[in-house]
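Scrolling down, you'll hit the structures one after another.
First subunit A sits with subunit B, and in the next complex the same chain sits with subunit C.
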Partner chain A sequence: MPDINALKAEAKRILSEGMVDIVIGFKAGDTPLHPQPAFFKTPDEVDQLVYNALCQNNLATYLTRFPKTQKIGMVVRGCESRSVNALVFEGQHPREGLYLIGVPCDGIIDWRKIVEQTGEEVFSVIEQSDNTVLVEAKSGFFTLEKETLLHESCARCIHPNPISADVVIGELLPEGDPALACEKVAAFAGLSMEERHAWFRQEAERCIRCYACREACPMCYCEECFVDHISPRWTESGTTPAGMQGWHIVRAFHQTGRCTSCGACERACPMDIKMTYLTEKLNEDMRRKYNFEVGLDATTAPPFSTVTLDDKSRFVI
Partner chain B sequence: MNLILKKDHLNHLLNAWRQEYEVYAPQSLQNFTHFLPLQDGFELAFDKAHNTRIPPKALFLPTSEALLKFTRFGGYEEVPSETAPRLIFGIRPCDAHAMTMLDTVFEQERYTDPLWKARREATVVVGLGCHEPCQTGFCTTVGSGPFNHAGLDAILTDLGEIFLVETLTEKGEHLFTQLETASEDQSMHASEVQQAAAASMPIAFETEGLKQKLDQNFASPYWEEVSRSCLGCGVCTFLCPTCFCFDIVDEAQRGERVRNWDTCMFRTYSLEASGHNPRPSRVERTRQRLSHKYSYWLDQINQIGCTGCGRCVRYCPVGLDIRAMLRKAHQLPSEVLHA
Partner chain C sequence: MSETPKLVLFQCQWCLFAPADQEWVDTQLPENIHLAKVPCTGRINPLYLLNAVQGGADGVMVSGCLPEQCHFKTGNIAARRQLEEFSDYLNHIGYEQDRIRFLWLDLQDRGIIQKELAAFEAQITALGPAHNLATRAAEKVGGVNA
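Then we have the complex of A and B:
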């Protein structure tokens, strides 16, 4: 956990020195489980800045809302810094217009895992120095191991440290184990076709097509998403099996070589749907087949964003 | 009429009802609860959450449904609207109240939705009052309450070993003919529990004059402030028991005209064929959501269009809390409207 005062001091400095017009971070929420993304325009406003393991959103999702001329400061963890790099590569904001305050991240807590143990009425959550979390709930006090509360994407995170940040606040953490990242994919890949379909169906059939996963994802910034196209119509509109396949599978494919495994999509889902196994599978393919991980810099093109004249598949050109 | 239902008799009663109705009650689905039809060996999940994640409106207005089937050559047939008898057990008063508000949308004098109407008529609704009100809910603030009767055929009050059953309609009476009548003491006890529950809920925001504030501040920078972190997703409206917006789409390959849930928080909701969008950003969309609930519903039926269930508060992925937004709205200046 980075020193919050050091974080605030840096955010204030870049605002008061005019290096940025706005700093994107988090502030305390109105409910105990949900700190809110916040946009600080003056050093005084930065007093509200908070940073803790319940900050569940990927702040890079807001980047594309700002004009490219705006100078933006952002508090970024490992995955967020990679999303920013990916967006810079895709021309969504010039790197010179950004100041990234990096924080090494020891994982985001999935609030659902708290509620599962404490019941839905939670009054406060305090992270303690011994990696435990003290929760006050209607049903009593609970001391929970932080590790058991981590969102799955964070438990298998490979790059917890911010990449290409302008400043890093807090001690760097050891890199994650790529083998761990592959476990869920391996569990899925080991199944028969019917079993894999059943896995998909079990998740997809709860979907209500609220698109919180899309809106939470920094890489889903299309002005018009394929599901919203009227003509041509790419997929069925409803929550039918065909509509679900169209939506979830194509969305995952659109993330190939772009997804940073942040898990923000899953954490946003009101129906607790777990679909990151699809993007994880594609990420693993990218690592294995192309030796590529997105966002490690802002200049390397993702494999599917490049075209060469000797490409075996000529359909693009 | 007040009756007594022993808790250990509940499952027996539910099973008896299953002979006559398809019985829906909150059961576990993943980490949340959902109104699912009871199967043999069912387990109720009232302890897990006050409210189901998806409101019971989905039993009357499914996320997607076919309205009619058509062929390429101009023929079509409507989807039949009859529904087998259903019983929803354990609906919370905020959700039941919401159903009565949706009736004013789907069963108007001139336009009645046959699917909605058939489902409503075929359904008996038994409520479970909230003797321990929920934290994010604010039913008492918006003119409902943890033992509100609106939309219910009967309501249960948890008195420990027993439920006190109040039957509110003929349909409700028909369900509980086998039960003993409650004593005066038991009825008294129940009404104390009911009053204490309502009294324990803080007033979340001031509703007096709120509509005027929202109307008068239509162009206020307030809307930009409160919508800044909004993702523009469907969570707060899809999970809302009073939101009813839908979109009608012709799925040409299937030969079906379908109705899907839609929401004013989506970009495409107000997008016109010309490409113009009168609500071009999340600012205007947030204004629509809040104003619909706290102003336009009042114009239409003189009731706030929110029953305070608190789902939007709990499940907004960026933690936007409508209670806090409305507290802030109430602080806005009252301005004279410009012509």
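Then we have the complex of A and C:
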């Protein structure tokens, strides 16, 4: 956990020195479980800056909502810095117009798990140094293990440290194990076709088509999404089985070679639909087939943007 | 399976060099095969495949030129990457990957497409109808303003 005062001081410094026009970070939200993204334009406003393990949004999402001429400062964790790199590669913002304040991240807490474990209204959440979380709820205090509260994507995180940040605040953490990340994909792929399909249907067909996953995803920045097209209509737009399945299939597929497995889509979902089993399969394929990981730098093209005759695949003759 | 499988053929307009083969595909394709002609396999968005699958196709065949012989230099190898991954991905969620097939045609090939389509149809007949992924409502097949 980085020192919040150092974080504030750095944000104030870059704002007051005119290095950036705006700093994107978090501030306290309506409830202690939901800190919300905040946009600081003056050094005084930075006093509201908050950073803790409950900050669940991927801030890189907001990068594409500012003009490219704007100089942006941003508090970035490992996944966010990789998303920023991918966005810079895709020409969504010049790297010179960015100042990244990196914070090593030891995992985002899934607020649903706190609610599950306490079962009642939560007043405050305090992270303690011994990897436990002190939760003040209606009937008293709960001490919960942070390990058990981590969001699934964070429990399998490979790159907790910010990549290509301009300054890093806090101590760097050990890198995660890539084998851990493939475990879940392999386990899912080991199920029979019917079981896999049953899981997919059970998840996809709870969808209410609110597109919160799209809004939360930093890589979903198309001016017009394929589901919003009227003619041709790519997939049914209502909550019909074909419509819901089509949305989930293509939303994830459009992230191939672009998704950083931050899990923001899953955390944003009001129906608690699991989605990372789709994107992680695609990520895993990219890693295995093309030795490509998203966002490790801002210059390597993702596999689908490059071509070579030497591919080894089922379709190759 | 008693009924004949519904197939979709995505055909690159350059891959059938022999006029007789192209003529056959254009005019004498069996009724259960829906033809979608594209300027290059690189033009095939994975959404087209999903459209075919959701339209009730039991199998999808993509025919394109040999890797080095693309009319547009690299369209087919770009398509190969995407479509291979897409079929792999559909397999992950319940649409057998054998139902999507990529056919490479040489400029010298004559009469290959008929044989390959017959073989593919036999393979899909053995697999049975695709039933896993949901299909669009019947009157909306064709994808216009569904």
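Criterion: the second predicted complex is superposed on the first by the 304 of 317 C-alpha atoms of A that agree within 3 Å, B and C clash if a C-alpha of one lies under 4 Å from a C-alpha of the other, contacts with A are read in each partner's own complex, and residues count from 1 in each chain.
Everything that follows uses one rule, which is that contacts are C-beta pairs under 8 Å (C-beta built on N, C-alpha and C of every residue); 3 or more make two chains touch, one makes a residue touch a chain.
All of these numbers come straight from a predicted model, not from anything done at the bench.
Using the contact criterion defined above for the overlaid structures, shared-chain residue A:E183 touches neither subunit B nor subunit C, since it reaches no partner. Touch criterion met: A:P35 reaches subunit B, while subunit C stays clear of it.
In the superposition on chain A, contact of A:N57 is made with subunit B only, not with subunit C. In the overlay built on the shared chain, the residue A:L309 is in contact with subunit C alone; subunit B does not reach it.
Once chain A of one complex is fitted onto chain A of the other, the partner contacts of A:E236 extend to both subunit B and subunit C. Counting contacts as defined above, subunit A residues 233, 236-237, 240 meet subunit B in one complex and subunit C in the other. Contacts from subunit A toward subunit C in the complex involve residues 188-189, 193-194, 196-197, 200-201, 226, 230-237, 240-242, 245-246, 249-250, 252-253, 256, 278, 281-282, 285, 303-304, 307-309, 311, 313-317. The touching residues of subunit C, counted against subunit A in their complex, run 46-47, 50-51, 54, 66-68, 74, 77-78, 80-94, 96-97, 102, 104, 132-137, 140, 143-146.
On the side of subunit A, the complex with subunit B involves touching residues 29-31, 33-39, 56-57, 61-62, 112, 115-116, 119-121, 123, 138, 206, 208-212, 214-216, 228, 233, 236-240, 243, 267-268, 270-272. Those residues of subunit B that touch subunit A in the complex are listed here as 29-32, 48-50, 53-54, 63-64, 134-136, 228-229, 231-235, 238-239, 247, 249, 251-254, 258, 260-261, 263, 266-268, 313-321, 323-324.
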